[in-house]
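Got a structure here, written out as structure tokens. Questions coming.
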Amino acid sequence: MRASPSILPMIVDAISLQREGATLLDQVSFTLPQGGITAIIGPNGAGKTLTLRLCQGLITPNSGRVVWTHNAPMRRAMVFQHPVMLRRSVRANIEHTVRAIGGDTKRIDAALSRFALTTLANRPARLLSGGEQQRLAIARAWAQAPELLLLDEPSSQLDPGQTRDIEMLIQQLAADGITILMTTHDLGQARRLAKRILFFNRGRLIEDNTAGSFFTAPATQEAQTFLTGELLT
Amino acid sequence: MDLLAAFSEAFGLITRLDPGFVAIVGLSLRVSLTAVLLAALIGLPLGAWLALARFPGRSLLVVAINALMGLPPVVAGLIVFLVLSRSGPLGSLGLLFTPSAMIIAQTLLVLPIVISLTRATVEELWSEYRDHLTALGLTGFRAVPTLLWDGRFALTTGLLAGFGRASAEVGAVLMVGGNIAHYTRTMTTTIALETSKGDLALALGLSLILMTLTLMINGAAYAASRIGARFAGS
Amino acid sequence: MFTRRIFLGLTMATLFSASAIAQNNERFIVVSSTTSTTDSGLFNHILPLFKAKTGIDVRVISQGTGQALDTGKRGDADVVIVHAKSQEEKFVAEGFGVERKPVMYNDFVLIGPKADPAAVKNTKDIVAALKAIQSRSALFVSRGDKSGTHAAELTLWKTAGIDIDQAKGPWYRDIGQGMGAALNTASAMNAYVLADRATWLNFKNRGDLAIMVEGDTRLFNQYGVILVDPKKHPHVKAKDGQAFIDWLISAEGQRAIGDYKINGEILFFPNASQPGA
């Protein structure tokens, strides 16, 4: 199931995005290595979510492009900040996703058991707790057998206990070889999970660094300001 | 005629399942149910299309269909009458004064309700599901089955409302069915006829059935929304 | 996928149900007639006899005379049975009908409240009665629906020398509806009303109403039957329609009409063989 080994399966090349006269992303370029967890951080309006949506192909940039170095784009799945729960059972939610992409139906039950949803399989998805819904959203994404998993603020709605569970899941997925690109508001979470940090501010990629260097010795003034907790203007 | 006597005779008709009485109720149900099914077959896809498509004049069409929900039954009847009359464009089909004509008229009455409700339901669901479905590659018509299925409780309520309208109306079926005994006589046309003849028992018996039916429809609609809330969280 | 299955199911159900309704290989003709013939129960009495003999089902649309003739003109009926001789003759003359045959007559009666505010109860003269009603402005209900009964009422006013368009006032209630509705209205308002005897005898919600004037020859009401001309409307079932007409004016059909009674009273008097009827 894994992609052929390549160091740089995805290249984001000079992407700019304008909507209604405002520049939302400005000449963003980065490369995504195979495997591992990359976290996009930055203040509100930095362009974090937009970048994920571009990678998923939900929006097209005004200029620049996303280059897939394999022959075809990576198999991607995205988990939204507020995951859509279809008005169906937990199992039917996963089944719907798998059938929609023409995936392997054996992954339905596998997803249920892997994400500890088997006992909830027949419950209406919309009546689950926030943590359970997030787990279902990730299970649904996993059931698509993605090579690249895009997670938008995966724990923004969760309490600390639930956050810990989700972080463990993310780490296990990364350990399976799935490349993960996620956004987070939680600097601690970025520190705990990410190998690499993409720091955005006002639509520009300010710093692209390893997590170790970024948190100990940020290369840019803006990152330093952000890390001290001051507002970037 | 004594009201009490009329009531007791009406109950008699119902409890001993008077064959003429049962035939009238049966025809009414058959005509209205067929009309609702037809309206669903046409209206669900059309409503979904209207929810997702963007084209010039769309708002106008939406408003027009909403307005048609209030189409007076006699107007629908008149239109169908003119079209199906032997001197009309589809006269050669010989459908005027048959149950088929009544089905067509009632379909016309129910269709705007189904289209309008489907459009509203699908539009609302689409704005909620858009990201998720787009990420799965389900856009345009490929999104419709998901949206209709997830709107099933609201849509059921709409179809029940349509059935209520169809089974309760008298103007259109009277006009295009002709109120022919044993052939196109429905509950509502019989009530009108028997009242004009001063024979209140049959009219009253049928009214009781109609009101029971209305009660059941409303009960079912309520149940659908409750079930929807409980089992789908919608 | 679920939805597709549901759609499939719906389609099947609809086709099944529609075909169940459409599948009707029965032999039938459509007759447009007046409310009086249906409301009186005459057709319920004679049509089963005709069907038993010929296997032809007669589907009756009951309307006012004017509307019934219009239905024939548009070709939506095969046979017309109405009671307004001049209009019937015009219908044939304009080429819509093949031939008019007299079938039967019934009579009109003047119905009114037992209190009889216009004091018409003891007269046999319908014209005098109408004059009394008008001069005392007693409540009077008119069909006002261009039916045969309405036409007869207008003719009677004219015979009485009253221009009803001029003379009508709050006492004259023009309701634009059928015989039954007119009787119901009269019953509710204790008004006078001109009705055909058959509908009156069959009418149950009488309240305080009773027959005030009857038996005047000017109250006789002749019915005619006409086959819609297949030259005008080729789809008309001329053979079966003619079979129905032939049966109506045959000795057997005439006997069936004369046999129909309510409370021992004959409602329609067969007179197919009466010249000039």
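To keep things simple, chains are lettered A, B and C as they appear, and every chain counts its residues starting from 1.
The rule is short, and it goes like this: a contact is a pair of C-beta atoms (placed from the backbone, for glycine too) under 8 Å apart; a residue touches a chain by one contact, two chains touch by 3 or more.
Treat the numbers as computed from the prediction; the structure is a model and nothing was measured.
Q: Quick one: which chains contact subunit A and subunit B both?
A: Under the touch definition, subunit A and subunit B have no mutual neighbours whatsoever.
Q: Taking every chain's C-alpha mean, which one sits closest to the mean of all protein C-alpha atoms?
A: The most central chain here turns out to be B.
Q: Which chain has its C-alpha centroid farthest away from the centroid of subunit B?
A: If we average the C-alpha coordinates per chain, A ends up farthest from subunit B.
Q: Centre to centre, by mean C-alpha position, how many angstrom separate subunit A and subunit B?
A: So the centre of subunit A lies 48 Å away from the centre of subunit B.
Q: Could you work out how far the Cα centre of subunit B sits from that of subunit C, in whole Å?
A: Once rounded, the distance between the two centres reads 32 Å.
Q: Between subunit A and subunit C, what is the gap in Å from one C-alpha centre to the other?
A: Chain centroid spacing, subunit A to subunit C, equals 80 Å.
Q: Touching two or more other chains, which residues of subunit C qualify?
A: As it turns out, subunit C has residues touching two or more other chains at 1.
Q: At least two other chains touched by the same residue of subunit B: list those residues.
A: Residues 146, 149.
Q: Looking at the complex, which residues from subunit A come into contact with subunit B?
A: By the definition above, subunit A touches subunit B via 56, 58, 77-78, 80, 83-88, 96-97, 100-101, 124-127.
Q: Going by the contact rule at the top, pick out the subunit B residues touching subunit C in the complex.
A: That would be residues 1, 30-31, 33-34, 37-38, 40-41, 44, 85-87, 91-92, 94, 96-100, 103, 144-146, 148-149, 178-181, 183-184, 193, 195-200 of subunit B.
Q: Could you please specify the touching residues of subunit C with respect to subunit B in the complex?
A: Touching subunit B from subunit C are residues 1-4, 7, 10-11, 13-14, 17-18, 20-22, 24, 30, 38-39, 43-44, 57, 59-62, 74-76, 177-181, 183-184, 187, 199, 202-206, 233, 235.
Q: Of all residues in subunit B, which touch subunit A in the complex?
A: Interface residues on subunit B, with respect to subunit A: 128-129, 131-138, 146, 149-150, 152-153, 228, 230-234.
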